[in-house]
Amino acid sequence: MLALENVHTYYGKSHVLHGVSIRVEAGEVVGLLGRNGVGKSTTLKTIMGLVRPSAGRISFEGQDITGLAPHRLARLGIGYVPEDRRIFRLLTVLENLRTGLDRAEVTPSRRQELLEKVYASFPVLRERRHQAGGTLSGGEQQMLAIARAMMLEPKIVLLDEPTEGLMPRMVAHIREIIDVLHRDAVAILLVEQNVPLTLAVAGRVYIMEKGAVRHHATATELGANAAVIHQYLGV
Amino acid sequence: MTRSATASYWTGFAIALGVLVVAPFVLPEFWRRFVTEILIWGLLAMSSDILIGYTGMVSFGHSAFFGLGMYGAAAALLTVRPPDLWLAILYGLVGAGGVAVFVAYFATRLRDIYFSITTLVFSQIFYVIIFTWTELTGGENGLTFRQPPLAIPGLLSAPFTPVTLHWFVLAVVTASYLALRRITQSPFGMVLQAIRENEPRTRAIGYPVERYKIVAVMLSGLFAGLAGVLYALQNKFAAPDFVFFVVSGEVVIFNVMGGMGTLVGPVAGAAFFFLLREGFSRFFTEYYLIPVGVIFTLMVIFVPQGLLGFARRALNR
Amino acid sequence: MPFDQILIQLINGIVSGMILALVASGLTLIFGIMDVVNFAHGELFMLGAYAGVTILAATGNFWVALLAACVIIALLGAALQVVALRPLVGRDPLTTILATFGISLVLQNYALWQFGPVARKIQEPFTGHFRLFYLEYPWYRILIAVLSAAIIGMLWLFMKYGKYGIWIRATTQDRIMASAMGIPVPLVHTAVFAIGAAMAAASGVLFGPLVGVNHAMGLDVILRAFIVVVVGGMGNLGGSILAAIFISLLEALASIWVSPAQAVIVSFVVLILTLLFRPTGLFVPTPK
C-alpha cells in the first residue's frame, strides 16, 4: 500500500537518508527500529512531505506521491503523529480534533460518530474537550496527537516514538490503541526505541542504521535473534 | 584575498577613481550634476549597508540621519559669519550623531522587523518635529543658504564651481569608502558579520552584541549625516522632504538593487535607480515609481543578491 | 479643565481608534500567520477608499460601495499574495517587508496616476447630527465606531467558532502540523491576506467621508498601524485592538493642547516607552 523505493533525503548539505526502501501493506503494523539519529524520524517526515526527497520514489495505493504537499497526503489518508506531538497548544482539545474533522466530505452525523469513537478510546479527552491543548499532561497530549490523526479516518498512521517519556501505564494504553487501530484495519508504521513493544505489536520490522535499512525480518524471527538486536540496537 | 585579487581590486579602484575625476570635463552639465549627486546618494547607501548588509539590520530610518546632516550644515551656514565649509560638516555630523545616539540606544534593543519599524517610526518623529517647528526649521519650506567657499585653511579659499564641487564630493566619498571598507574588514566588522550570521552564538562566545550594534548604528548615522551635508552643500537648502521616510525607502532600494553587504553594490544600486528614474521619467513622467517599484519587487524575489552579486555569479560561471 | 472638550475628544478618539483597529487587526493577523510585515497595507486602505469613491459615483449607494470595495480589495490582496509573497515563503521575513514595500510604491503611484493629486470626497450615507455640548456631532462618526466594532466582532466570532477560523488559528500556531492535518496552508495564507485586505478596504471607505481620499492617505495610516501592532504585541489580535483605541484616545486628548500633527508624537512616545519596558507588547498576557 505504502512503498518507499530507494529514497534519498538531505537536510541542507547533510545526507540523511541513503536510499531507504520500505513497504507497508494494507492493515499491517510495521516497526521501524534503530538507534537515535539513524534517520527514522526523517523517513516519516519524508513520507509526509515535510521534507522533500532528492531522489527515489514514494507511492501510496499505487499512486506516486513523491513531492506532494502534506495536506494532500493527509487527505489521501496518511495520518501523522510526530515525535514531539505538536499539539496546537492554544486550541482546545475539541478544536485540535476539529482540525482534522472539518472536512467537506464528512457529514455532521459521521463527525459525531468519529468523535464518540475517539472519546470511547480516550475518555480523558472528552473530559478535557474545552481545555487548551497546552494545559494537558504529556501522556494526554500524546493521546490527543493520536486521536487528532484518527479524525482524518486514515488508511495508515505514521507513529513517531509514541511512548517516549511516558509512564508504564500510559505505554500500556498506547499499546491498546495500536491494537484498536489494527483491528480497524488501519496500517501503522511505528518508529520506536522500545524494542519489546515493537516486537509485540508489529508483524514485520525494519532496522535502520546510518540512514539506510540494514535488516528486515518478521517480528517473530527478530525476537528469536538476540544477536541482530544487540548488533543494531545495543540491547 | 590573494595577491593577484588584491592587485586587480586596486587596479579597478584606480580606474574607477580616474574616470570619476575626469568625468566633469567630458560630461555635459546635466550628467555632471547627475554623477555628483549619485556619489552623494552612494555614500548614503554605503552608510546603511553597514547595517543592512553587514549586521543584518534593515534600517528604514536613514532619512533622519541624512536630514539632520542637512539641517546641521544649514545651522552652521546660517548662524556663523562668514560661512565656513568645515564648520558646516562639523555641525552636520554633530546633528546626525546626536540623532544616531538616540536611535541606536532604543532601536538596537529590537531585532529583525521590530528594528525596521522602530527606525521608521523614529525618523518620522524627527520629521514631525522639523515639519512643525517652523520658527527654527522653516517648517514646510525648509531653509535656504549660500554655499560656503571651498577653503583649506592657510592654503586656498575659492568659491565652489561645479567641477571643484564634484571633486570635493568625490574626495569625501572616496575617503569615506576607504574608511568604511577598512571598518568592515577590521575585527570589529567581523563581529558585525558574525551577528548577522548568528546573533545568539555571537553573544554566547562572549561579545557584547548590543554594544557592537549601538556602535554600528552610530557609525552608519555619521556617514549618512556626512552625505546629508554634501547634499546640502550641493543644493544650498535643507528641506523636511529629505527627512521623510520615502528617502529611507529609497536607500533600502539602492541596497537591494546593488547588492547588500558589498559597499560598492549600494553605490551601483543608487546609480541604477537614478538611471531608471531618468529613463522612465520620459514615458511615465512623475509616475516613474510604478515601473521602478515593479523592477524592485521583482529583484527582491528573483535577484536577492542584487546587481553586483548577480554580476559576480555571472563572471564566475 | 474643559470637561466638555475632553468628552468630545474621548468620543473622537474612540471613533478613530476603531478605524485604526480595523486596519491594525488585518496587519497583525497577516503577521501572526505568515510572518509577513505588510508594508502595502496602507495602500490597500487607500485603494479601498478609492474603490469606494468610484463605486459610490456609479451606484449612488454607500453600502453597495462599501461591500464592493471590500470584495475588490480582497481579490487584489489575494492576487498580490500569490504573485509576490508565495515565492518568498521560507526566506528571511525581512525580504517580505522589502517586497511589500516595493508593492506599496507601485500601488501608491498607480493611484496618483489613475486618480490624480486632487483629493476626492465620499459622501456619508446620512448627514444627521446630534447636540453634544457646543457641537453638532455627526451621527455618522458614531456609526463608524459601531460598524468597525461589528466587523471586528464578526472576525472574532469567525476565528473562535468558524471551521476556517480554527484552520487559521491552527496554521498560526504550527504551520507544518496544520498541513499534516490536511489544512491547505498556502490557501489559508492567501485567504488571510485577503481578509486583512478587505478589512483595510472597509476602514478606508468608512474613513473616506471624514477626510479627503488621496493617494498618500495610506502612509499616515500604515505608520500608526505599525505603532499599534508593536505596542499591542506583534501578531496579537486583541492587543492590537486595545492598543489602537488606547493610542487614538491619547492622541485625541493631546490634540486639545497641541496641533494634531504634534499629537502624533504622543503615540511615538508610547511606542518608545513600550519598547523600553514591555518589548513584547503592552497587552500581552502569555507568549504563544
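Per-chain numbering from 1; labels A, B and C assigned in written order.
Keep this in mind: a contact is a pair of C-beta atoms (placed from the backbone, for glycine too) under 8 Å apart; a residue touches a chain by one contact, two chains touch by 3 or more.
All values derive from a computational prediction rather than experimental measurement.
Engineer: Report the topology of the inter-chain touch graph, choosing from line, ring, star, complete and other.
Structural biologist: line
Engineer: What pair of chains is linked by the largest number of C-beta pairs in contact?
Structural biologist: B-C
Engineer: What is the distance in Å between the mean C-alpha positions of chain A and chain C?
Structural biologist: Each chain's C-alpha centroid was found; their separation is 43 Å.
Engineer: How far is the middle of chain A from the middle of chain B, if each middle is the mean of its Cα atoms, in Å?
Structural biologist: Inter-chain centre distance comes to 55 Å.
Engineer: As a quick test, compute the distance in whole Å between the mean CA positions of chain B and chain C.
Structural biologist: Centre separation, chain B to chain C: 33 Å.
Engineer: Could you please specify the touching residues of chain C with respect to chain B in the complex?
Structural biologist: Where chain C meets chain B, its residues are 37, 84, 87-88, 91, 93-95, 97-99, 101-106, 108-110, 112-113, 223, 226-227, 230, 234, 259, 261-262, 264-265, 268, 271-272, 275-276, 279.
Engineer: Considering only the defined contacts, which chain B positions touch chain C in the complex?
Structural biologist: The contact residues of chain B facing chain C are 58, 106, 109-110, 112-114, 116-118, 120-122, 124-125, 128-129, 131-132, 245, 249, 252-253, 256, 284, 286-290, 292-294, 296-297, 300-301, 304.
Engineer: Within their complex, state which residues of chain C touch chain A.
Structural biologist: Going by the criterion above, the answer is residues 163, 166-167, 169-170, 173-174, 176-186, 288.
Engineer: Can you list the chain A residues touching chain C in their complex?
Structural biologist: 48-50, 69-71, 73-75, 80, 82, 86, 88-91, 95-96, 98-100, 102-103, 148-149, 151-152
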